[in-house]
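For reference, the structures are reproduced in the following blocks.
Both of the next two complexes hold subunit A, though its partner changes from subunit B to subunit C.
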Partner chain A sequence: MNGVKKVSFPSFTHYNYAFKYFMENGVGARYIMPPQMTLRTLDRGTKASPDYVCTPFKTTLGSMMDCLEAGADTIFMSMGLCRLGYYGELQEQILRDMGYQFDFVNLSEYSTGKRRDYIKALKRLNPRMSVAKMMLVLAETVKLVEQLDEAEAMYYKNCGFEKVKGSCKTAIKRYHTAVETATTGRELEAAYKKFKKEFNDIELDKPENPLKVGVVGEFLTAQDAFSNLDVEQKLADMGVEVYRYLNATSRMFHYKGKNLQVETSEYCKYDMGPTSTINIWAAKNYASHSFDGIVHIKSAGCTPEIDIMPVLHNISEDYKIPVLYLTYDSQTSDTGLATRLEAFYDMISMRKKVL
Partner chain B sequence: MKEAYLGIDIGSISTKGVIIDEDNNILASSYIWTEGNPLGSAKKLLGILEEQFDKETYQIVATGTTGSARNLVGAMVGATMVKNEITAHAIGTTTLYPDVRTILEIGGQDSKIILVENGVAIDYAMNTLCAAGTGSFLSSQAKRLGVEVEEFGDIALKSTHPTQIAARCTVFAESDLVHKIQMGHPKEDIIAGLCKAVVSNYLNNVGKGKKILSPVVFQGGVSKNIGVTAAFKEALGCDIIVDENGHLMGAFGVAILAGRSSKRKVFDFSVEDMEFKTRDTNCGRCPNNCEIICVYRDGVLIDSWGNRCDRGAIKIGTKLAN
Partner chain C sequence: MQKNKGAEPVKKKITIGIPRAMLYYRYEVLWKNFFSILGADCVISEPTNKEIIKSGTAAAIDEACLCTKIYLGHVKSLIGKCDYILIPRISNFGIKRNMCTKFEALYDIACNTFRKTSQKFLTYNVDVIEDCPEEKAFIEMGIELGFSKKEALNAYKEAKKGETESLKNHLKANESLYKKNGLKILIVAHSYVAMDSYIGKPVTDFLKKLGTVPIMADVVDRKDALKRSAKVSPTLKWELSRELVGSIDEHIDKIDGMVLMSAFPCGPDSMVDEMIIRKFRGKPILNITLDDQDGTAGLETRLESFVDILRFKGGTL
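Presenting the complex of A and B:
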């Protein structure tokens, strides 16, 4: 195929399904699904990375190597509003120095905000891409991301209370498989409908007033189960409803930054980085809806998230809600995490009984 | 025969054990060094406890373990309750001091703060990534100064002008300390300065942003150091309660938890004579290569952990191949 690339985007929770749908059906390129991240991914990524860089840099770099070995000839990398904006350039250089041969489409180089520049980037993946078709599929992809996020939210809210262990996981896995193989918008809709029906039929054993925990934090580490050592699943398994407002839907497609800022103006005057306003808003929202606790997740050295910690202290004090701060780096022992989570759970459950 | 509960707290530095009766009275207790061998020290601990324990009137019906080796020793003694040390400390302290508001805890490798309201923990923090200002720092500096860490407190109280020592990080603190020694500061001032450094490090790291309200209970191994207690008193401007059994609080708490739970399993001291072995293997069934720890009792697998999925599950009861 003339100039059609085999493209890949580093592994990032369930969004690779959306990337695949968009690249294959909209752009007309081939998409190589990034292999699931493992300790090897992280190890290799860490070894090739500068020491003090944030952890997502290491995981995405490791994942890029996995993708290239899985057969991709082009890596697509996102832009970003923090250091993420510089990831692509440095990662490309590191990979080239290691001897990999590939094309690198770095969206940061095209982020002028003008549509024609983004189209230029995509045309590198398939020179004969139809813009009209791409725009149509883009709309479907946005819808798909919303549905993926919604499915995930339903999952973490309920999976801790299923009667038959593993039934929620089976349902969401089946949905992801259906999405991965879908080629039309109609198939996506059908898959989502089927998932919703299947999921709502799962028998739950939920108390009337279950423990509720809200998750806030850095965009990648908070969302990606591999990066946060499955913290949401661990919490849910203890019998907790886990909520996370932060996802691609609410941060990218339906983001109302100005309004969120107005609603949190008693805590901070300015926007402090890519996800600070949304996290502060979400934390305040959880607190005022009498959640039992907040978990704040960040990778070591993430400046925007360090900046919001004092604000979370204030929210914690004003609303009397405990906040658990978790910092991740490339260490993967989950003993320390388990100790802190267990203690957090014990605390919020005993507290709920007394108050 | 009356019921009794056993609690064991196996920390990185020390191993603590208590046996309590139904009214939370301590029947037997011991505190020994772990010396890098949690299974061995747990056995030794059980031996000491057995000597103090009145087997005629009491029977141990529930066993709890806590501390960083809680899973390992829990598997060894067949614990009915395996709990993290934060909860265990909170339960132990609030049982003895129902109106406590703040629990400060400094152990060998970790330090934590627990805030309590109405007898229930409402917030906690634990040190991450850094062991500055914990017991192991103090004992390594004691070695440098040529004094026993147990004498630290008494020497510190003699000082009238504690030396200023950078407290942010152990590495900086150590080089600052060496510098001050070479400048000719008297030993007692340096030791008092170290105690102060531990306190300010604790308050700036673990205690950051936490409202410390009185009554304050200070526990963990470092609470035995009256120099540190005095420095806390000065920094917080309130009285500090140090219980004589403060170092046993984790074991005490987990014994109470074991007693409260409905799980019952009679414990006898025969485990002292059994042979326990741990082995680690790498799963190898995917590139994740989970490290799986297996515990064998007399050559038979009794527990394993570390696997992240079912593929790595190991059958309990498998014989140790040699």
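Presenting the complex of A and C:
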């Protein structure tokens, strides 16, 4: 069909909707929504992956297989500052060795920092793409990502205190559905407004001074509910306000690394890795705003996140704030996590009563 | 080592501690020359031994890679024995010429891990994308030590000359190994793994004992290797891995087999080794992951059977 591709990007939390909006309205390609990841996704991904690569490699690889199964003929893969930057090429190689046939657009190949190279990558998805239209929709997509992130932040802050069980979930699900079907910026705007109103009307039963937990961690595992076994929901359900500064908005669109570095200079002199500065800053920020605890989430073997752990130890010591370190691999069990979270919750709630 | 004739003697001689781990094997000559020209003394930590690994493991995060643990062990062994401990921060040498993020973080890891000691650390920051090339970094480091800009620049230039010279000799000696008789086995490993006396050295020593010729892949014409690696794997972005891949590409016809050796759980190697296995078909490859386990019997069995396979293939068994 005129070289227009059926594109998929491996599943990554609510950004799936943003990709869809951008690909369909901006680039003019068809977007195949990546199927919800399941244990089968992880299983297949793990089997095809090298042993001790970080877990997101395995889930994204599994998700790529899911996407191809769902009808995509082209996979779009991101670049990245850590191992993520090499994901694409190795995943393509693995899938091709397995016998899959597909087109692969790897942003890493185009990451020269020049705008025209990125446009080249997008033109492979639709040779007749209008650059002007794409740029316009890109701006709308950025706005959409900001709204999705904000909606999520509102959700995890409040969903643990709803009077009617499930009312928050219903609201955000309805919002996501509206976003998924939207085709114009105006529709997106309306959907967000509607969500905000609906969400603010939800009756809450929140104590005056609720437990507050801040989440820091690796970009994918900390954000993607499937990858972290829904840890934020589990925490919230115990009656905790859950905050996470790290998201695409803060790390990609409004990132002021140098300024964050100034504010964390007593702990580190340099930027230690892709998400290190933002996480250290966030952890310090939670600690100095008298949060009750910090949860650090990463996949097994994530080098940058392992590297900031000595800093988190020191922040924990200086501000007397408990930190729970969670490492996810392809065999992490739901029950094990629940037990650790419960113990953590008990500890911080007892601490709050005493202090 | 070179002596600097012109420089004034430093009022109080500074002692710089250099951990014998990680990038030491890559920058040994440059560092030693630079400091000795400036008139500072260098203390190098002992070759890795059990004690060092033990104390490093205790200091490091459990999940950190073996090389980090070894490194922190070396740092710890130097604490109190020198004025400064040198821990560079090397981020990249340009686009697609990155170092593992570990090298971006190493300085801050050490500072945070050992912040209760009064030890001072010395660093320099190479980050070409952020306009911080090596020369500038060394000048800044010299100034921090109390030397003038000119002294630091001269010392750097002189030291760099020595480094280039030594690399050339090293390369020449290494290239001659490819012409030797006997089974030639390419050791594909970072220098800080292959040369480490506790983890990598026993492997090469054992291969020698078996009568084979182990050859280090990382001793290679670096510029040429980078070019070659871009052809083999275009988005590969780690400088050290690119040198290794380029070296394999250059020497694949001259060797009988390869041993991929990495320390558990090395980030770049976890992916690059897989890519090497998938890209370079036709030569036997042994993939070894090293950890700090003591028993060498299992490793020796694997090496022996690998060499047997090579001999069998070559018809000499």
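Methods note: the second predicted complex is superposed on the first by the 354 of 355 C-alpha atoms of A that agree within 3 Å, B and C clash if a C-alpha of one lies under 4 Å from a C-alpha of the other, contacts with A are read in each partner's own complex, and residues count from 1 in each chain.
Note that a contact is a pair of C-beta atoms (placed from the backbone, for glycine too) under 8 Å apart; a residue touches a chain by one contact, two chains touch by 3 or more.
Because the structure is a prediction, the values reported are computed rather than measured.
Once the two complexes are overlaid on the shared chain, A:Pro50 sits against subunit C while remaining clear of subunit B. When the two complexes are overlaid on their common chain A, residue A:Thr327 makes contact with subunit B and with subunit C alike. Contact with neither subunit B nor subunit C is seen for A:Asn228 once the two complexes are overlaid on the shared chain. By the document's definition of touching, neither partner reaches A:Thr74: not subunit B, not subunit C. By the touch criterion defined above, A:Asp271 lies against subunit C but remains apart from subunit B after alignment on the C-alpha atoms of chain A. Once the two complexes are overlaid on the shared chain, A:Ala300 sits against subunit B and subunit C alike. By the touch criterion defined above, A:Thr249 lies against neither subunit B nor subunit C after alignment on the C-alpha atoms of chain A.
Of the two partner chains, subunit B is the only one that A:Arg40 touches; subunit C does not reach it. Look at A:His313: by the touch rule set out above, it reaches both subunit B and subunit C.
Ranked by how many residues of subunit A each touches, subunit B and subunit C are led by C. Applying the stated touch rule to the two superposed structures, the overlap between the subunit B and subunit C interfaces on subunit A comprises residues 300, 310, 313, 327.
The touching residues of subunit B, when paired with subunit A in their complex, are 68, 83-87, 90, 118-126, 128-129, 209, 211, 286-290. Partner subunit A is touched in their complex by these residues of subunit C: 61, 63-65, 89, 91, 95, 100-102, 104-105, 107-109, 111-113, 115, 123, 125, 233-237, 264-265, 267-268, 270-275, 278-279, 289.
Per the touch definition, subunit A reaches subunit B in the complex via residues 38-41, 300, 310, 313, 316-317, 320, 322-323, 325, 327, 329, 335-336, 338-340, 342-344, 346-347, 350-351, 353-355. Residues 50-54, 57, 81-83, 85-86, 88-90, 93-94, 97, 106, 108-109, 111-113, 267-274, 276, 300-301, 303-304, 306-311, 313-314, 327 of subunit A are the ones touching subunit C in the complex.
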